[in-house]
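The next part holds the structures, each set out as C-alpha cells.
Note that chain A is present in both complexes that follow, paired respectively with chain B and with chain C.
After this line comes the complex of A and B, so read on.
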C-alpha cells in the first residue's frame, strides 16, 4: 500500500497523469487538440524546451543554488549565429553547429568561472550574463532580422525523419538516454550528485568541485545553443529575442520533474515529462485565447505553486 | 549565603546519561570552578543552570527558594547570566549593540535609546581599558574584530547582564596574559560585591589564580568539592582521572608495531599554520601514533593541514621519502594520504545518495575511472564494507537509512579499496555506538599490522591508551609532551593536557 502511495507521489507519475488530463481538457475545449499530428507538433515544441531544460537540469543538480538564467540569451544568440553562418545553405550547417556550440560553451565557461573563481552567486552571475547577451544581440543585429535556416535543418526539425517522427524528437530522445546514462553510470554523473548533496564532503573525497561546476555551466550553454539552432530550423528565420521565452519554463520543467532546487536530487527523465506538460499547458492557454502576458502569469504562478507543494512535502518528511 | 544550590540534578539524552547526579552549591562572593574531562557532564550542568537544557530530575534552589528554570529567559529572570563558549555575538552589529544585546535600552517603548546604549557600553569597555588591542572601539563591527577581542565583547556582554550569578564557560581561551589578568581583577571585584561566579577553565594556573573552591565532575557525577587552598593540581587531576589512573595503558591486543617493516610512513618537521605551530613528529610503518589533549588544541588543524584542507605557513611533510605538500585533498588522496573526519555530516556523508556512491569517490579518483559500472563496483565495495561488519540492506539504499556508526563505517570503507600509505583519523568515533567503535579499532589495528602509518586523534582517552603506540599531547597548538611505553597512563595524559600552555 505504502509502495503504491510512494509510486503515485513520484513527480514523474504526477506529471504523466497531468499530461493525460490536460490532453483530455484540450480535446474538450477544442476538438482536434489531441490528434496524432497535433501531438507531434506539441512534442516538437516540447523538445526545444526540453533541450534547454537539460542544461538547466544539470546546473540545478550541482547545487549551491545553481541556476542558469542566461539560457534565453544563449538560445537567441545561437539562433542568430546559426542563421548568419548557414544563410540558407545546407553546406553551412556543420560550421553553424560548430559555431553555436562554441559560443554556448564560451558563455557557459564565463558563467562557471564567475560562479567558482569569483564566487558570484549563480542567480546574479547568470542574470548579469543574460543582460550582457541581450545587449550583444541588439548590437550585432542592429534591429534588423537576419539569417536564414538551411532547408535541411528546417526539414530535420519539422518533417518526419524516421517512423513518422521528426529528427528533433529523435535528437531529444537520444539526449534523454545519454543524460540518464551520464548521471547514473559515469563518474562525472556521480560527482554532480556528490557536489549537489554535500559539496564539502565531496571536496574532502577528492572531487574537483570547481571543475565539475564549470563543466555544468558549459553543458548548459551548449544545450541552450543546440536549442537555439533547432529553433532557427523551426521558425525559418531568427527574430528578436526568440530565446527569452525559455528561461522561466526551463526552470519549471526541471522542478516539475522532481529535481530539487537545492541540488543533488532528481534526474532528467522527469524533466522531459515536465517539458511536455508545460507545452501542453501553454497550448491550451493559447487555444482559449489567453495572451502571452497571461501565459507568463500562469507559468510564474505554477512555479510558486510547485515550490509550495514540494517545500511542504520536504517539511513533512523531516 | 547560598546563591545557588543544585541537588541530584540529572539529564539523559536517549539512552546516554549525560549527567547522572549533579550536586553543587555556589556561595555569594565566591568563584567556583568546575573541572572535568571532555564529556564528563560539566557543559550539561551549565546548560541546565542557564535554562537551555531542562533536567530530568533533581532540585534547584536560587537564594534558598526552589525554582524551575524553564528556559533562557526564565534563567535571566532568576538572575543568572552566562558567557557562552561558542560565541553568541551578532557579527554585523557594533560592539556597543552587542554588549547590550540581552536587553537593549528603549525610550518611548519603541526606539533604541542611543545615548543610554553608548553610556552602558562605555562602562564595560572602560573596564578593559588598555588591554583591548588595536582597532577596538564602541562602534566597530564585531565581525571585524580579532578572536580575542570578540571574546572580550562576549565577556562584556555577560558582565552587562549585571546578573547576581554568572557562569563563564571557558572565557579565557583566546585571551592574552594581560587581558586575562584584567578579567580576573574584574572577577575579584565582583566577588567583593557578593556575586556568585561559576568558572570553567582547563588551565590549572588560572584556576589556582582565581578560584576559591572547585567541584570535580567525572563520568556525569559530581565527585567532590574542595577548597583550592587546601589542595594541589596533582590531587585535582587524580580525582578527575579516578581510581585506575596510575595503571599503565593496557593494549587491548598485541602492540601493532611490526618489527622489520621499518622506515617512516609520515614525517612532519616544524609544521606551523593556523591553529598550530612547530609541530614535528614521525609515524613509522605499522605504527599508530596518538594525538591527545583537550579539544581544539591544534590536533584537527594539523591533520587537516597535512591532508591539504587547512593552511600551512611553514614546515615540511614527507610521505615515505618523498616531499609531500598537498595543495588540496584531491592531491593528497592521489599521493596515498587518507583522512577520516569525526564530523560525518560536514566532511564525510554525501547525504541522500546511495551507500555505494558514498564508498566509491576515492576509487574513482585513484583508478582514474570514467565509467561507473554498478556490477563491477559492487564487487569492490561489498568486501570493504563487510570487513567492518557494516549492516546494510542494499548498496543502493540511501546512506541516510543507516545508523551513525554504520555511516561512519561506510565513510571509512572508502579508503579500503585502494589502500593509502598514511591514514589520518580525526576523532573518528565521535557519536557512534560501542560495537561500531570496537569494529573500527579492530580494523585500524589490522591496517597498522599491514604496514600503514596511522595518526589517531581521539577525544576519548581510553581509545588513545588502548590503541596508540605513542601519544603526543597537544596544548595550545604545539606538542607539549610525548608519552611512550609505561608512561602512557591516564594520569600523565591529563597532567600534560591540563598544565599551563
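After this line comes the complex of A and C, so read on.
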C-alpha cells in the first residue's frame, strides 16, 4: 500500500495525472480541444518552454541557490541573431545555429564566472546579466532589422517531420533522452548532483566544483539560445523581448517537475511533464471566454493550488 | 550565513573592515556620492534643488518598494509580487478617489483602503510562503499574476487621472520646501524607529538561521508572515508615490519595478540569503539606480546605447554591493 502511495506521490505521476485531467476539462469546456492536431500544437509550444527549462533545470540541480534569470534575455537575443544571420535563406541555418549557441555559451560563461570566481549569488548575477542583455537588444534592434526565419527552420518547427510529428518535438524528445542519460549515467551528471546536494563534500571528493558550475551556466545559455532559434522558426520573425515570457515560467516548469529549488534532487523527465502541464493550463484559459483580468486571476490561483502538490518545505521541528 | 550576523566578532580588522561592520551601507553611500558628482560634472544643472526634487519624486516609489523588499529579504525570503501589489494599490486608489469625487475626504479614505489592500496582499503572500511552505520565488510569482489580474479587473486600461488635489500636493511645496523632502524625512524617522523594534530583530534572526530561531522559541511562521505584511504595506506606500508622480492609474505600472527593488536591496549590501542587511542601504540602492539612469543620460550616451550602459553599470555595482557586503560580514 505504501508503495502505491509513494508511486502516486511522485511529482511526475502527479503531473501526468493532472495533464490528463486538464485535457478532459479542456475537451469538456471547448470540444475539439484534445484532438490530435490540437495536442501537437500544444506540444510545440511546450517544447519551446521545455528547452528553456532544460537549462534552468541543470542550473537549479547544481544547488547553491542556483537559478538563471537571464534565460529570457538570451532567448530574445538568440532569436534576433538567428533572424539576421539566416535572413530567410536555408543556407544560413547552420551559421545561425553556430552563432546562437556561441552567444548563449558566452553569456552563460560570464554568469558562471561571476557566480564561481566572485561568488556572486546566481539570482543577483543573472538578474544583472538580464539587464545587460535587454540593453544589448535595444542596441541591436536600433541598428538592424529583426530578420526572418529560413523556410526550412519554420517547417522544422511547425510542420510534421516524421510519423506526423514536427521536428521540434523530436528535438525535445532527443534532448530529454540525452539529458536523462547525462544526469544518470555520466560522471558529469553525478557531479551535478554531488555539488547540488553537498558542495563541500563534493569538493573534498575531488569534484572540480567551479568548472562544473560554469559548465551548468553555459549549458543553460545554450539551451536558451536553442529555444530562441526555434522560437524564430515558430513566429517567422523576432519581436522585442519575446524571451521574457519564458523567464519565470521555466522555473515553474522545473518546480512542477519535482526538482527542488534547493538543488541536488530531481531530474529532467519531470520538468518536461511540468512544461506540458503549464502550457495546457494556459491554453485552457485562453479557450474560456472570460476577460483578461479573470484569466490571470484564475491562472495565478491555479498555479498556487498546483504548487500544493509539489515539494512543499518541511515543517519546523525542534 | 550562520556565523555572520548576530555573533559579534572580536577579531581585529582593519580600519575599513571595522567601518563597514558598523555602517554596512557605506559603499552604497560612496557610490551615491560619486554618482551625484558625476551628474554635476556632466550637467551642473542636475545638482540644483529643482533637479534633485525631480529625481526624488520620480524614484521615491522605487525607494519605498526597495524598503518593502528589504523586510522580506531580512528573513531570507523574497517577494516577486511587490510590483504587482504596487500596481493594484495604484489603480484601486485612483478609481476610488475618482468615484468619491476627489475631495480631501475621498483622498484620505482611498489611501486608507489602499493601505488595507497592501496589507491584505502581504498577508496572502505570507500565508502561502510561510504557512503553506511553498517556495517563495515561485509562490510570489503566482500571487503576482493573481494581483495583476485583480488590478486589470479594477482598471482594464491605463489612464484614469488622479485628482488634482493629490498630485499637486505630492509635486508641490509646503512652507517653501518640496513635499517629497517631507516624505523622505518621515520615511527616515519611520525606518529608524522600525529598526529598533523587536519584529525587525526577529526577522533578522529567522533569516540568519531559521532552525536556531525556531529552537530558541521564536514564532518563525508568524514572523515571516509579518515580514510579508510589512512588505505589502510599504508597497502600498510606494503606490501612493507613483500615483503622485504619474498622476494616473496604470494596472501594469509596477511590473518592471519588482526586479529593480531586488537589485536595490543587493546594491545596499544586504544579503539575499537573509539575516543581514540595512534598510538605509536599500534606500541608497534605489537612489543609485535612479542616478545611474540620469548620469547615463547626461553623459550624452547615444539613445540606443543608454539601456545597455545602464544595465552594465547596474551589473557592476551589484557585484560591488555583494563583495562589499561580504567584506563587512567577514
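Definition applied: the second predicted complex is superposed on the first by the 285 of 318 C-alpha atoms of A that agree within 3 Å, B and C clash if a C-alpha of one lies under 4 Å from a C-alpha of the other, contacts with A are read in each partner's own complex, and residues count from 1 in each chain.
Criterion: a residue touches a chain if its C-beta (ideal position, glycine included) is under 8 Å from a C-beta of that chain, and two chains touch if they have at least 3 such contacts.
This structure is a prediction, so every number in the text was calculated from the model and none was measured.
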Which superposed partner A:194 touches (first chain B, second chain C, both, neither): first
Chain A residues touched - chain C or chain B, whichever exceeds: C
Partner chain(s) touched by A:65 [first = chain B, second = chain C, both, neither]: second
Contacts of A:118 with chain B and chain C, given as first, second, both or neither: second
First (chain B), second (chain C), both or neither touched by A:301: second
Partner chain in contact with A:252 - chain B first, chain C second, else both or neither: second
Partner chain in contact with A:185 - chain B first, chain C second, else both or neither: first
Touching partner for A:128 - first (chain B), second (chain C), both, neither: second
Which superposed partner A:207 touches (first chain B, second chain C, both, neither): first
Contact set on chain B toward chain A in their complex: 307, 309, 328-330, 333-334, 339, 341, 345-353, 357, 360-362, 364-365, 369-374, 414
Interface residues, chain A side, partner chain C - complex: 65, 67, 69, 114, 118-121, 123-125, 127-136, 138-139, 142-143, 248, 251-252, 255, 261, 291-301, 303-304, 307-308, 311-316, 318
Complex interface listing, chain A residues touching chain B: 184-191, 193-194, 197-198, 200-208, 264-265
Touching residues on chain C, where the partner in the complex is chain A: 80, 128, 132-135, 137-139, 141-153, 156, 210-211, 214-215, 220-221, 259, 262-263, 266, 272-273, 303-312, 314-315, 318-319, 322-323, 326
